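As structure tokens, here come the structures.
Two complexes follow with chain A in common, the first pairing it with chain B and the second with chain C.
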Partner chain A sequence: MMFEGFMVNAWEVASIVAVVAGVVGFFTVLRGAAFAAHSIPNGSFAGAAGASLVGLGTLFGLGVFAFAGALGIGLLGRRGRHDAVTALMLVMMLALGALFVSFSSEYAPEVYSLLFGEVLGISANAVLPTLLLGILCLLVVAILYRPLMLSSALPEVGEARGISAFAMELAFLGVLALATTMTVPVVGTLLIFSLMIGAPAAARSFTDRPAVAMALSVAFALAIVWFAIAASYETNWPVGFFVGTASAAAFVLGRVWAYARARMGRRPSARPSPS
Partner chain B sequence: MSAGLFVFAPGFFDNEAVHVALAVGTAVAIVTAVVGVFTVMRGQSFAGESLGDIGTTGGAAASLLGVGPLAGFVAIDVLAAAAMELVGVQRVRGRDLATGVVLGAAIGLAALFLYLDTTQGSGNGSTVTILFGSIFAISSATIPAVVALAALSVALIAILYRPLLLATVSPEIAAARGIPVRLVGALYLLTLALATALAAITIGTILSTALLIGPAAAALRLTTRPLRAMLVATAIGIAAVWVGVVLAYDSYHWPPQEHGWPVSFFVVALIFLGYLASGLVKWRQEREA
Partner chain C sequence: MSEAVLTVEGLGVRIAGRQVLDGVDFAIAPGEFTGLIGSNGAGKTTLFRAILGLQRPTSGRVLLGGRPRSRRGAGIGYVPQKFLLDPDLPLRGRDLVALGFDAGRLGPSTRLRRRRAAVEEALAAVDAEAFADTRVGRLSGGEQQRILIAHALISRPRLLLADEPLANLDLRSAQEVVSLLARVCREQGVAVLISAHEINPLLPVMDRIVYLAHGRAASGTSEEVIRADVLSRLYGHHVDVIDVHGRVLIVAGAGDDADLAGCEETVEHTEVIQ
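Right, the complex of A and B next:
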């Protein structure tokens, strides 16, 4: 059955991941940091490959590479073009990953699961670390909430009030790295990226109020993940496929809603009368 | 042992795979440098990187359908570029969102296609090959198609050059002069899709992004003139490919024994160092000025 035995772990872990993705993703979309949200999880997989090579834990390797990538993007981005630097950090980490993979012979199947996730195969002892890292991640966001929100929405006003945009950038990238470390080992890089973009982008189409948008973003992320697990269980197709396409669908839905509302607002006479 | 023999391990100049790698690598380095200068100037690195990733979706789909992978890469990248344009990649605000949404959906499809590929039994190691590519794995039969695509991409840039440059530097002035800014941007995105597809399939997605962004970003820190930047970027790209191939060939004798280090590692590392070095050069120039 869909709700029994090993499936409970999948539901629990995916729900924790969705909440974190909804919250962190809100800031990602607000800051226009989709490229970093793609690069840090993707590049950090190299850390997993490296860790398995020297006999350390996957989580440790992922964490080291996620934070190194975040730091590299933040520091190099200060003097260079931000998106070009992000691309360079990503390919450097991936190239190291290719090197590590070439050194070990048995790694290939794990590449697939790190990229696309094996949500249905989550073991019970993955739940607690995910939960703890998830709480830590949300705690950091809660502490940073006001300065990060101001610096993301109105960087100039933030600077005027003494909030360093650079410090907030590093803090945000650190939160991304933390979210990466907790989510990639259990759900893969694709799932977390899609959730972080699709759900909050859709949410922002429905409301202008930040707190409401963040709540909606979490709700959408949860809905997408739950739908994906159920659909994956029924069809046996990969969860990543459903998360990726459902996230894109949510985004399109949000856009259609915003477009329709703008049109109706401009031409009140065209509004259908309630019958 | 002479110095030449030490750098070029025995057999380097007789090796067919090395010849193909150098020829294709050089062609791709030229195309990515020319296209990449505009990618970096326009702030479309994310799109360039994504199109490389998305190409693998086409590769996975092509292997599922039994079509040649090159067709799959090109078709999906052109489709993805159209989708990004439709969602709104042309506006600076929301650009990375449009790219990200298309990328997320495409990787989702890749997950499905790769899953179907493996369940239908056509090889398990293909995931890694599709995702990373290998410059030593190119067959010489694909070279004509690669050269044709490369020529097409460079020709498109040459035709678009003047309006594209103005639309990139100052969209307002370009629009005032009657240049269809959005159309020019869309055509550039199409060129980027073609160049990225060809780069991703020949040298893999990692190298494709590295060659597209790295040399161009380094060159643009050294000079602000686009044509000169293209020349400098081409030189950096070709140098990285050649030195990388030589090092990879030499690495067959490095630990761990019996297989070489990946070419992509060497080329990317060289490009990364080149970018850092360009920052150093710029910093010294600024200090002297």
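Right, the complex of A and C next:
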């Protein structure tokens, strides 16, 4: 049944992943870092391919590439445009990935599964590492919450108060890399992206308060993942299909809600006349 | 005299081979309202950044309360000239003000009740209660300005730096912001340093003026600084100061075209207003 045996692992791990994606995604959307959130997981795929080639653990390769990508984006993006630098990092990592994959003679299922995840096939010993990495991720965000928030909204004001925008950028990208390392083996590079963007982007249509938006973001991510697992189990369609479409649906729902709320005039959305 | 909140001594800043500031000297006493006047590119923002420790001086030094700065930004509130707030940011005006209370600290907030009271007080000080619950990115420029001033005030700074808060404001809003800052200055005893390229809106409230031109500064009371001889020396060519019904016009005096060009902007700005 859906709640028995190996499926228990799937529920547990996917729930941890959803919480982390909801929290990290909240800051990703806040900082307009969606492209980095796309590039780091996708580029880190190359690390896993390389690691499996030389006989190291794929998780190790994934982590190394995720952090290298984050560091590259952070350091090179210090001057000039972030998007160009992010694209460059992605392209470099993908090029390496193509090379590694071409070197590996046999089909490497664990590497390919990184693209789409293997939620339904998660083993029991994946639960603990995922949990520990997830807790670490949340801990870092909890510690940096306020400075990161100010630096994301008003970097110059933060700088003036001694909060280095560069340090915050590196810390954020580090959290993103950490989240990538723990979530990609579960939901895959393609899906973590939709989860990290869809849920928080939808959440902020429903509330003006940062803490509530973050909580909603986590709630949406959980709902999306749970729905996707159940639907996938029932239909045998890929989990990724359901995660992606549910994320997009949540976003659309948020927009409709915001529009309706503005129309109903319940929110003081129109500017109060300057006194 | 009590210890100056801010002392700038022989400050020079060189950026990309250009001497942006050169031997700038002035001091601000506690609770004083000071206007930093200069045309576009005079170095106002650079001076602020040097005071905040965001721009390393190539010569001279900045003292806060008579001592070199201990921590960056300690005791200084800052409202930057340019800022961009995303309209979709899930952050109300009051949330941004609350960040001013303890954003420098790590970990979860511990003094929630005190913070809430401080937020209300700061919002009241800038008359921002009416729009404090709207997303800050959707507020008008003037309203955002007030929220940022409240954000700066809530940390109880001894010095508030406001970089061109009057730019982009219509005359009435500009006067409101000036009287608001003057009130904050008197009531809370915060020294205010505000930059502007137009002197007249600030004349009624300024205790002191720091006039920047070509990277050099003249400072003193407005009677001491807004004089033909002082400003002519600063600009390096002859400048006239004309009083028109209580408004000051600073114009390039009779001279060659090069001189006129140097003062053009000042003339333009003074003539545009009122």
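Here is the rule we go by: the second predicted complex is superposed on the first by the 259 of 275 C-alpha atoms of A that agree within 3 Å, B and C clash if a C-alpha of one lies under 4 Å from a C-alpha of the other, contacts with A are read in each partner's own complex, and residues count from 1 in each chain.
As a convention for this text, a residue touches a chain if its C-beta (ideal position, glycine included) is under 8 Å from a C-beta of that chain, and two chains touch if they have at least 3 such contacts.
Please read these numbers as outputs of a predicted model, since none were measured by experiment.
Bringing the complexes onto one copy of chain A puts chain B beside chain C with no clash.
Using CA centres, the angle subtended at chain A by chain B and chain C is 90 degrees, rounded to a multiple of 10.
Looking at the superposition, the partner that touches the larger set of chain A residues, chain B or chain C, turns out to be B. When both complexes are overlaid on chain A, the residue A:Leu154 reaches chain C alone and has no touch with chain B. Shared-chain residue A:Gly32: touches chain B and chain C both.
Of the two partner chains, chain C is the only one touched by A:Arg209; chain B is not.
Aligning both complexes on chain A leaves chain B and chain C separated at their closest CA atoms by 6 Å.
Residues common to the contacts of chain A with chain B and with chain C across the two structures: 32. Against chain B, in their complex, chain A makes its touches with residues 29, 32-35, 37-39, 79-81, 83-88, 90-92, 94-96, 98-99, 101-103, 108-109, 111-112, 115-116, 190, 193-194, 197-198, 201, 237-238, 240-245, 247-248, 251, 255. The touching residues of chain B, counted against chain A in their complex, run 40, 43-46, 48-50, 87, 93-97, 99-112, 114-115, 124-125, 127-128, 131-132, 206-207, 209-210, 212-214, 216-217, 220-221, 256, 259, 261-262, 264-265, 267-269, 271-272, 275, 279.
On the chain A side of its complex with chain C, the touching residues are 30, 32, 142-147, 149-150, 153-154, 156-163, 203-204, 207-210, 212-213, 268-269, 271-272, 274-275.
Within the complex formed with chain A, the chain C residues making contact are 52, 54, 71-74, 76, 78-80, 82-83, 85-86, 88-92, 95-96, 99, 102-109, 127, 130-131, 133-136, 138-140, 142-143, 148, 151-152, 155, 173.
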